[in-house]
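Let me begin by handing over the structure; questions about it come next.
Letters A, B and C mark the chains as written, and numbering starts fresh at 1 in each.
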Amino acid sequence: MSRPTRTDDASAGLTAANSGMNRRRFLAGTAALAAGGMLMGRPLPAAAQEAPAKGAAARAASSYKLDLGGYAGPELTSQPITLKFMRQEFPPHVNAVLEEAYKEFSAAYPNITIQEEKVPYGDLQKKMQIYVGSGAAPDVMMGRTDFIEAYHAGNIALPLQDYFLDEFLHDILDNQFKAASAKGNFYGAPWETYFTMMYFNRDIFKKAGVPTPPEVTDVNAGWTAEEFIAALDELTQKLRAQGDSTTWALSAATHGNGGPGANYTQVESLWVRSQGDPNADKGSSAYKTFLGVSEDGLQATGYLDTPEAVKGMANYQQLFTKKLAPPTAVPNQFVSGVGAIHFTGLNQASRLFQQKPAFEWGASPFPRGRIAFNCNSSDCPIVWSKTPYPAEAAALVAYLCNDANRIRFYKTWGSMPVRKSLIAAIPEFGNQQLFQLSAAAAASGQGAPRSVGWFDYFNAINPVVRDIALGGDPESQLKQAATRIDGLLRKYR
Amino acid sequence: MPTAIRTSRKRNGRMARLAEVLPGPAMILPAVVALGIFQFLPLVVAVVNSFRSFNPFNQSPTGWVGLANYDEIFSDPGFQLAFVNTIAYIVIMLAATIPLALFLAVLLDQRLPGSTFARGAIVAALAASEAVSALIWNQLYDPRGGMFNAILAAVGLPEQPFLIGDTQSLLSIAAMSVWKDVGLPMLIFLAGLQAIPRELYEAAALDGAGPWRTFRNVTLPLLRPSLVVALFMMTITATRIFTPILILTQGGPNGATSNLAYYSYRLNFEFMAPGAASASVVCMLLVIVVITIAQTWLARGPKGV
Amino acid sequence: MATVEIDKVSKAYGAVEIMRGVSARIENGQFTILVGPSGCGKSTLLRMIAGLETITDGEIRIDGEVVNDVAPKDRDIAMVFQNYALYPHMNVADNMAFSLKMRDVPRPEIDRRVREVAGILDLSGLLDRYPRQLSGGQRQRVAMGRAIVRDPQVFLFDEPLSNLDAKLRVHMRAEIKELHQRMKATVVYVTHDQIEAMTMADKIIVMQDGRVEQAGAPLELYDQPRNTFVAGFIGSPAMNFLEGEIDLGSGRFVSGGGLRLPLPPVSSEWDGARAIYGVRPEHFRIDEENGLEAETVVVEPTGSETLVMARLGDHEVACLFRSRIAARAGQTIRISPVAELTHLFDARTTARISVNSSEIRDKHL
């Protein structure tokens, strides 16, 4: 574990515990994160989980012409080949990081050409399906851990456990590893993780004279959903009493199309599933609420429409019926200083604060229900099951996920690492509230409901969430949605 | 010998006839092939696929299921709503665009000052990207900072939940589509108006017809062919409304703005059900066919025209 | 029935003046024809009477009432258009009934009048047909029927026969003329065809470049054209013109080519003046003794008469003879003009300067 040494700002960030977080300090923290991860060749932490069955003997990483990270497959071909990689579009400076990496890869393996296809993030899954259906898909495609069951059932992704070192696999956060695996196979190396945290505008709270959310490092120590709604209600009323009619207590979601129903996985499902309980009796509706879908992944009725789920959605609905949040999409509401609270992930937050908002801000856990709940949603490159170059494709994934490339990526993109060693190597995750809280949220995340038809489920529930936000009855809406989803899932039986 | 000569002459004749007959079909062949591939093949594929089941992962056909896809969508309240909404869009769009387009065309046909600009503006809306237009209208409809509510507020009327109200949202989508698409029937009417000989108006003026009776008795009957075309085009346009729904409401609230086009899209691209999506598309086509046949029948002219 | 007075009417599009102070009088019950080459303003003048064109300056009066600002429908005028302007979506009966309907005439009255007019125009069997199912002549009659059925004060015809073939045109000419005589209607009729004008009109108004060149009865225009334009326009084949000088001493007109031709009566002040000598083809006669030698170029016998194109000195002239001429092209004939029927025009103004009287004409015909 090293002290950050890259900038003075970084040291300042470290010592400024519990004081107001501002943009400068946040960026400093990100930089420190990067610096910490730069340490190479340190021993990996001991594996804490049982590894999936592994056939191929792990090779020593040093035998490859390049640091292929956790790759343990055969040496790469010397034939000239082209590997196609379909991924989301990033801003140019992030794209540059990847392009730099390809250059390095091609220098070591000049016979392997890497060809990228960049598509808008929202189109990734549809495009993947079309490619796979056509029988000519890219060798590597950016998938998502929510859809791992479908990649497995549809024979879309190649099982990768045989191509990776156990140490690498064990280094992945447990919940991420689980999310990236299906039926004993590991399908995609999680790339970064997403979990929702509550960012707040300290100035607005101060102006209204309402206490800010608790700035804690424990996901269980934040506001409850009820406290959250009460605080926002008070904040709203005080702002309105002061004649402020433009500021909202909660800014509009910026995922997907924005506004209510923007992204069930990453935002709205948190309200529902946090009302469940993974430790409750298996037959109980609290347990089923937590699961979100039956064990076989093919039934939503009894899981999505439980009394607990209805309560969660009713809480969510109050945000709109009490006019705490705008009912439609509003771009840049939080960063413009007219939203007191914003729910978003670490990488989005980092981009948001790069826009230099003119206010002091802080971070708090997502409001908890019966449990503190966060849905881990990770992009993860998968290898097409029918690729003619499975070893090379796996090696490319492993290479892009090696420590150096990951650190560079996190540093540039500002997102949350998914490997324990990388998190542990960055001091901020141990001593700075935002990062400590992030690490805790990442470690305690849970996967999306395990269903082969999560794509259908997700697409069916989003508009329902929106309808509830606009005043639909949560119970009947959820019941209808569950019936509808059951119908949609029937084709996977 | 005579026989030989006759056959050879016959063959020459046939060759000659062939040389005469072949170039015609050969020249239209590319167009026929293109039409076949891009127009009729998808139609046939949609019909065929509506009787099939599919692998939800890679969308490859897995067998024949008879009318199961139709059963499935017919029993879906979402389909029923989308069907009713499709009809509603058609009725609203026709009721709004046809008279408006006619009015604008008659106005522009007067060649008043500024009509070139007005025509340009209307055609520009037609030419503008539908997605960009939808995003602009999204801002106009914004419940808080939007221009429409600002106008309502300024004149003391209650603000409207344009895109999120149960009844307002479909009208809001239709209003944007009217704005976007009114240029097409307008151009059709304008062309129709300009094809009417001026002398007929002069004859009507001398015959004692005022502006309204001239319009009613001369202009309107002579625009009948344009009207049939405009109705046809607008019916198809109204049936196909998609981008504004996708961008402005995603079919909501409670499916209030969903139509068959959007419903089919969701089935195919969000719910991995190409069979049911094809069945829904076939229903959409039937709606268009039935309505346009009805229109042609209703708008049929006297045999002299 | 009505009188139409056109009083110093002008029309300009911006700086372009297309009609300059035109005055004319159309008598009640008369068949008046506006004639002139295309672009002379005759159609514009007709449309002004109809109210389809605005008037920049001057007045148009119908029965003494100024109608400059009266809408077409209130002028009680019917017009037959060149292209008939039949309503294509209405059958013959409806086309004819339209104006009556617009005037809220009771239905039985409309039917009666339409049937009556259809009878006059021989359209009774065509009442259910649509315009596109009719021949050109039938459409023409429907267009007239539509005008007649209204019984208007003034009928306007805008080149109504120009779309018909020659034979039909002659037939329709007669029919229109007959109709006019039967109805005693005031008619203003535009044509560019001077034969139509001569055969149909009570009064002809010759126009050129937005001006009236001359107005009068057909034979008046024929006998006493005011200038070379009218002289050349009226009459077929057209009048021959030769330029030269008047020599009253010898009583001859000396053409530029040295031809010496007999003079019509002209006042002495014109002695020695430069002038244009006009002689109509039909006013040449064969004169074996004193005639001028002319070489025939073309001989066109039509049976009743013979048209000869002949070279007279430097000039080529048309001659029309009532008799059959045995000459073939290239032969020489001797011809002379009937002096009293020739015309002299001022070379500078083109105005007629010779004097000829109807007595002289009568003596020679």
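Following the convention adopted for this analysis, a residue touches a chain if its C-beta (ideal position, glycine included) is under 8 Å from a C-beta of that chain, and two chains touch if they have at least 3 such contacts.
The structure presented is a predicted model; accordingly, all values stated were derived computationally and were not measured.
Using the average of C-alpha coordinates as each chain's centre, A ends up farthest from subunit C. Of all chains shown, B has the CA centroid lying nearest to the centroid of every protein CA atom. Computed from the mean C-alpha positions, the centre of subunit A lies at a distance of 42 Å from the centre of subunit B.
Mean C-alpha position of subunit A lies 95 Å from that of subunit C.
Subunit B and subunit C, compared by their mean Cα positions, are separated by 56 Å.
Against subunit A, in their complex, subunit B makes its touches with residues 53, 55-60, 72, 76, 78, 138, 142-144, 161, 163-164, 247, 250-255, 266, 269-273.
Those residues of subunit B that touch subunit C in the complex are listed here as 197, 199-200, 202-210, 213, 217-218, 221-222, 224, 301-305. Contacts from subunit C toward subunit B in the complex involve residues 47, 50-52, 71-73, 75, 77-79, 81, 83, 85, 87-91, 98-99, 102-103, 129-133, 146, 150.
Those residues of subunit A that touch subunit B in the shared complex are 126, 129-130, 132-133, 150, 153-156, 246, 257, 261, 326-330, 453, 455-456, 459-460, 462-463, 466-467, 470-472, 484, 487-488, 491-492.
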